[in-house]
Amino acid sequence: MRVSVCRKAHFNAAHRLHNKAWTAEKNEQVFGKCNNPNYHGHNYKLEVWVSGEIDEETGYLIDLKILRDIIEKEVEDRFDHKNLNLDTEEFANLNPTAENIAVVIWGLIREKLNDNLELNIKLFETDRNFVQYPAIQ
Amino acid sequence: MRVSVCRKAHFNAAHRLHNKAWTAEKNEQVFGKCNNPNYHGHNYKLEVWVSGEIDEETGYLIDLKILRDIIEKEVEDRFDHKNLNLDTEEFANLNPTAENIAVVIWGLIREKLNDNLELNIKLFETDRNFVQYPAIQ
Amino acid sequence: MRVSVCRKAHFNAAHRLHNKAWTAEKNEQVFGKCNNPNYHGHNYKLEVWVSGEIDEETGYLIDLKILRDIIEKEVEDRFDHKNLNLDTEEFANLNPTAENIAVVIWGLIREKLNDNLELNIKLFETDRNFVQYPAIQ
Amino acid sequence: MRVSVCRKAHFNAAHRLHNKAWTAEKNEQVFGKCNNPNYHGHNYKLEVWVSGEIDEETGYLIDLKILRDIIEKEVEDRFDHKNLNLDTEEFANLNPTAENIAVVIWGLIREKLNDNLELNIKLFETDRNFVQYPAIQ
Amino acid sequence: MRVSVCRKAHFNAAHRLHNKAWTAEKNEQVFGKCNNPNYHGHNYKLEVWVSGEIDEETGYLIDLKILRDIIEKEVEDRFDHKNLNLDTEEFANLNPTAENIAVVIWGLIREKLNDNLELNIKLFETDRNFVQYPAIQ
Amino acid sequence: MRVSVCRKAHFNAAHRLHNKAWTAEKNEQVFGKCNNPNYHGHNYKLEVWVSGEIDEETGYLIDLKILRDIIEKEVEDRFDHKNLNLDTEEFANLNPTAENIAVVIWGLIREKLNDNLELNIKLFETDRNFVQYPAIQ
């Protein structure tokens, strides 16, 4: 009776793709307009997938109010209406690509989740580009 | 040449989350407003995923008209415009959480499907909360 | 500089279409499975459109936090996770069709809105059926 | 035979709501987290609606390739992957609320459009908040 | 109490943009790849909006089952899984642009609708290009 | 640090389901209106999922501009605004069902992708019918 449940969330943030170890020219060449020094931004959409056994008494895998509170505290309060490069310690020295943001969010939620639950993250940077962590099996 | 095909369906139903073995207070505390004794309701959306080998003659995995008829008979006729707690035998003694509904639908369709086909169910209770059965690998 | 702004909301409710002045047969004939005496339900989605002049100082038509609070108090607290026929005074004697729900919501929000603002309501009963009040010009 | 046609577009930008004539305290009080001095961002979605008579020879109201080029040059090249407050002259001294952005875009496209065509703009700042200019009649 | 209600429908069809009075070169120049002599195709989505007074007895503007049957007979049976240029008399001599298809559908439904109801058609050729008839006021 | 990234694309094409080895009667019986000799069409939507290790220097799995160019050259230029049965060599002798189209697209992109990357294809023929290749594990 292993089931997965999903809770959606979103946050609106500014960011800039930039590798501090590179020259301005190389950054411009690799990241193009995503390297704009004045930043640009996105409405990030998040799907948090949790997997495990259904509890027979409640019929729930997890009370989604608990999951909602974890996401609100660990993700939304931290990243919503923020500049990822300037306002967060997670991306002070890590390039905020969609791939890296997904891995960071996975780590933040993983710490707060019971060990018997598995976690998968889907992050939509736009409606056309999105990532999943861990990777599709 | 193993491929998965998906057919969508939907049904609109009333339900109430309730554990008959518990006191009214405990039900209220665990299920909150989902425990409203007069029921509330949802537009449930369903994705039925079937996996197997493509038939070389037709180029189909399965004729989707056959799958559509199974879903119509086993799911829509049974649950659409119904009160899940009062009008169905499946949830007369089973709490109609999204998790349990997904498992029940999986069982109903599984019985009518050829043994060489695998089945996965995705059930959307709202646009924000949804479940998948069996769980993500 | 007249502009319209829209805020979305949603509520999940049970209902039954029924005219108390009619026989059971006539109700069944006109409303079909929507007349189920045990109710069914929907995820109602709401678009609240407000029109007027942009305020030069703020660049806002209306602070959407104010509109959000009106919608939350007048619509969501009143109808979310409720049985429209049994739990609300608005539909105790009014058939809760999508048309009537849209008109009722318009009246509830209109009362709380400044006179210089115009109001339009769009209500989605499902993804396929929806209404707009007042009517398209 | 007056018809309206719509072309969609999008741009991803950073912005900050701020009235330079106000104190920091008043800005913070009115605009809340949208006033973050380090900016945040959005995936803006745009619907450009043009109305007029169908051309009998082509069956077109307007060749959408022409409309696409106008939108690309006047809106996307100007605002995509930009910081609206810092990188654009339009919002150097105008608060980039969704209302003001819609009015500005209307003006930019209006100048390039034939006089016999009418123009309506719908701008989605998020999936929940959006504006229309001119206002609904 | 004038309200508008909408019913959605869809049909999948092949078509080719072509003006028989023009040379092949001019057709190619004006319509580009939409002029492919072997046709291409679309999933057309349709919104049929009807406006009028709510019936006090039913709470309906119109029984949507009636509207559904009109759309099925007049639009879906006629155009679904068809080649618009070859299989329909409506477009035997009329270029099947989205604009013209919308006007034709308006005429087909208008004939079957009570005189006291107003009709508006929204036709989506793709998710990015769509038309409305009559035009936005 | 294995992650999956997705890029979306779309193409609009005409097709006809048909097995040349069968009689007209059998084709009509199996494929129904999808067998229309004059073709019908779809807006095909494509999700291209690529999986592998995040590059530490860029924070990317793959530069999405590279993936976009592969999709444009291998899929869009080949199939967009085409008649799959008449205009493409891939489906000259292969029935263009959604299942077969997904397998063909997988093969076309697989050839252009680095060996260390895994590939999954999701193809939407309509909003209700879609396929995934390889199959769900």
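Labels for the chains are A, B, C, D, E and F, by order of writing; each one numbers its residues from 1.
One rule holds in what follows: a residue touches a chain if its C-beta (ideal position, glycine included) is under 8 Å from a C-beta of that chain, and two chains touch if they have at least 3 such contacts.
As the structure is a computational prediction, the values presented were derived from the model and not from experiment.
Chemist: Can you list every chain in contact with both subunit B and subunit F?
Modeler: A
Chemist: So which chains count as neighbours of both subunit A and subunit F?
Modeler: Chains touching both subunit A and subunit F: B.
Chemist: Of the pairs A-D, A-F or E-F, which one shares over half of its contact pairs with B-F?
Modeler: Overlap exceeds half of the contact pairs only for A-F.
Chemist: If you average the CA atoms of subunit C and of subunit E, how far apart do the two points sit, in angstrom?
Modeler: Using C-alpha averages as centres, the distance is 29 Å.
Chemist: Could you tell me the distance, in whole angstrom, between the mean C-alpha positions of subunit B and subunit D?
Modeler: The separation of the two C-alpha centroids amounts to 42 Å.
Chemist: Hunt down the residues of subunit D that sit against at least two other chains at once, touch-wise.
Modeler: Within subunit D, residues 127, 137 contact more than one other chain.
Chemist: According to the definition of touch, which chains form touching pairs?
Modeler: A-B, A-D, A-F, B-C, B-F, C-D, C-E, D-E, E-F
Chemist: Once bound in the complex, which stretches of subunit D touch subunit C?
Modeler: Residue list for subunit D touching subunit C: 17, 19, 21, 30, 32, 94-100, 102-103, 127-137.
Chemist: Quick one: in the complex, what on subunit C touches subunit D?
Modeler: 1-8, 49, 51-52, 54, 57-61, 63-65, 118, 120, 137
Chemist: Which residues of subunit D touch subunit A in their complex?
Modeler: Against subunit A, the touching part of subunit D is residues 10, 12-15, 33-34, 36, 38-43, 80-83, 86-87, 126-127.
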